[in-house]
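In this document, chain identifiers A, B, C, D, E and F correspond to the written order of the chains, with residue numbering beginning at 1 in each.
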Amino acid sequence: MNDKILDLNHLGVKRFFNLDSNTYRDGSLPGETKELLGLVASAVLRCNDCIDYHLEQCAKSGFTKDEIVDALNVALVVGGSIVIPHMRHAVETLEFLEGEGGLNVERV
Amino acid sequence: MNDKILDLNHLGVKRFFNLDSNTYRDGSLPGETKELLGLVASAVLRCNDCIDYHLEQCAKSGFTKDEIVDALNVALVVGGSIVIPHMRHAVETLEFLEGEGGLNVERV
Amino acid sequence: MNDKILDLNHLGVKRFFNLDSNTYRDGSLPGETKELLGLVASAVLRCNDCIDYHLEQCAKSGFTKDEIVDALNVALVVGGSIVIPHMRHAVETLEFLEGEGGLNVERV
Amino acid sequence: MNDKILDLNHLGVKRFFNLDSNTYRDGSLPGETKELLGLVASAVLRCNDCIDYHLEQCAKSGFTKDEIVDALNVALVVGGSIVIPHMRHAVETLEFLEGEGGLNVERV
Amino acid sequence: MNDKILDLNHLGVKRFFNLDSNTYRDGSLPGETKELLGLVASAVLRCNDCIDYHLEQCAKSGFTKDEIVDALNVALVVGGSIVIPHMRHAVETLEFLEGEGGLNVERV
Amino acid sequence: MNDKILDLNHLGVKRFFNLDSNTYRDGSLPGETKELLGLVASAVLRCNDCIDYHLEQCAKSGFTKDEIVDALNVALVVGGSIVIPHMRHAVETLEFLEGEGGLNVERV
């Protein structure tokens, strides 16, 4: 779907997308820490699509299920009970990633 | 001021405050990583008091100025230009912490 | 689905869920008033799952359809036209509860 | 200050202000319950001016300090720790109203 | 579905709906400019139903696809990457309107 | 203050600021229309600093006071009574701009 957005051929939109992907590259902080930051930002702003994207990236970066849940708990306390439906969504996605073998149970 | 809130003597409020402080203790993730998550959550939700609190905790945890700015950049991209006034606020607080000698310029 | 969240076995998350259910128990305010407060908070924060949960609780507490609609109107005026799609969702849920015989038309 | 807004002489704006004040009149729910709903909506949406307005109205309606705090606790749990600075603000306003003799400690 | 809301027969709700439709009539600004404002407000507040409604109105008013995308780009920069899923939704709706012949490619 | 942010020397932050200013240049839509879109986005997201910035730009672009108020009315209806304190803030800024001779009363 993002291809369709880029096909709109709007320079500002294209540059935003470019900026967005560069944000999570290694910088002063390692890219993986920034994926975790992106996950928590998405959770408190209550965006399921964004949560799914960052969950996948966090899992790929090697974060374990328990570490990801500990990050989501920060989002729950900062954002309140209104975050609970998104926590449910995240748990389903974590189960899916686990089923696919794409989520570490322990640090390797 | 939090003392005045605790003096209200409301059990639910007290338990929330207790839960809140426990959130940033070491768990599956180290406490310092969770302070950084709290900072980004506060920045995208645009709460200056919360930003200040977590900036102080991040600085105490040993994060350098550049690392903190790299975290705030995630908040800026996720939350958009509406986050800019809070970025300005954060930079002032970082300068204050730096002036006080409470912020590392390099990892020690 | 909440069971799956509790199965994550994260102490902070469990305590948050516990705190959340205690919030709506009788206190200085009766529990039913607090369900109505939870409904309006959910509506202005635009969370359909949360709206459904509190609608059910409000109906169980004996609030009539007209009283619930009067509460939702507060959410509409405070939160603006962006609340309208959630008002539509709430009306569907109210119809469902009415069809099931779980919603009072008049105070009993 | 609202006078200045009305002096703008924009029909839509005037009608919105009119609609807004009518919202908290007695209807299917008593006006005082709706003031409490307005307070919680304002707290989760984190608007200090709105919180102050509804606190005053709630106090005038006869709600006690403990009842108001119990309502604010709903906002805290639904909205999360991001609501804490607004809780601090509300406590200051409650103290001010108490000092003025405009807040009941017990139901009369 | 709005009919069902009006059937609730709540005077405040009815007046809000009336006020809402009058907002986009010609005034000091032409109605079509206000539809574009409504679109951007809906996009930064991340409400797909509202986005769809205003996209249709903007298309009817004669705005071209490129103009609408340029407006959505403002929402993207102001609201951040959290707006991207709603941008995807908007692009699908624009394609649908285009397929139906209801969207100008060039100003006529 | 933005200079201090640019002095942080973070490439991502710099590129975001650059992207942000380019957003309001003439494109498929004229720059002035996009300033009005930025104003309404800022108002519904309730950011006074952002409102002030866009009010100034809108006034410079030649929009009259009545046109700006008509745009703010869209924000009020979309965003609800929670926008009122920001409307008050905007009216003060408009008065200031008027006093300075920087705001048109009629289209010139």
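Convention: contacts are C-beta pairs under 8 Å (C-beta built on N, C-alpha and C of every residue); 3 or more make two chains touch, one makes a residue touch a chain.
On a predicted model such as this, the values are computed, not experimentally measured, just so you know.
J.: Quickly list, by label, the chains bordering both chain B and chain E.
T.: A, C, D, F
J.: Between copies chain C and chain F, are the contact residues mostly the same numbers or mostly different, with half as the line?
T.: same
J.: Find the geometric centre of each of chain A and chain C from their Cα atoms only, then give the gap between the two centres in Å, rounded to an integer.
T.: 29
J.: What's the distance between the Cα centroids of chain B and chain C, rounded to whole Å?
T.: The answer is 31 Å.
J.: With chain centres defined as C-alpha means, what is the inter-centre distance between chain A and chain D in Å?
T.: Roughly 36 Å separates the two chain centres.
J.: Could you list which residues of chain A touch at least two other chains?
T.: Only 10, 12, 16, 19-20, 23, 27, 41-42, 44-45, 50, 66, 69-70, 73, 76-79, 81-82 qualify.
J.: What topology does the chain contact graph adopt: line, ring, star, complete, or other?
T.: Topology of touching chains reads as complete, every chain touching all others.
J.: Mind listing the chain F positions that touch chain D in their complex?
T.: Per the stated touch rule, the residues are 46, 66, 69-70, 72-73, 76-77, 81-82, 84-85, 87-88, 91-92, 95.
J.: Per the contact definition, I'd like the list of chain A residues that touch chain D in the complex.
T.: 44, 76-83
J.: Mind pulling up the chain C residues that touch chain A in the complex?
T.: That would be residues 1-2, 4-5, 8, 10, 12-13, 16, 20, 41-42, 45, 47, 49-50 of chain C.
J.: Which positions of chain C touch chain D when the two form their complex?
T.: Touch list, chain C to chain D: 19-20, 23-24, 27-29, 33-34, 36-38, 40-42, 44-45, 50, 64, 66-67, 69-71, 73-75, 77-79.
J.: Write out the stretch or stretches of chain B touching chain C in their complex.
T.: 10, 12, 15-16, 19, 22-23, 27
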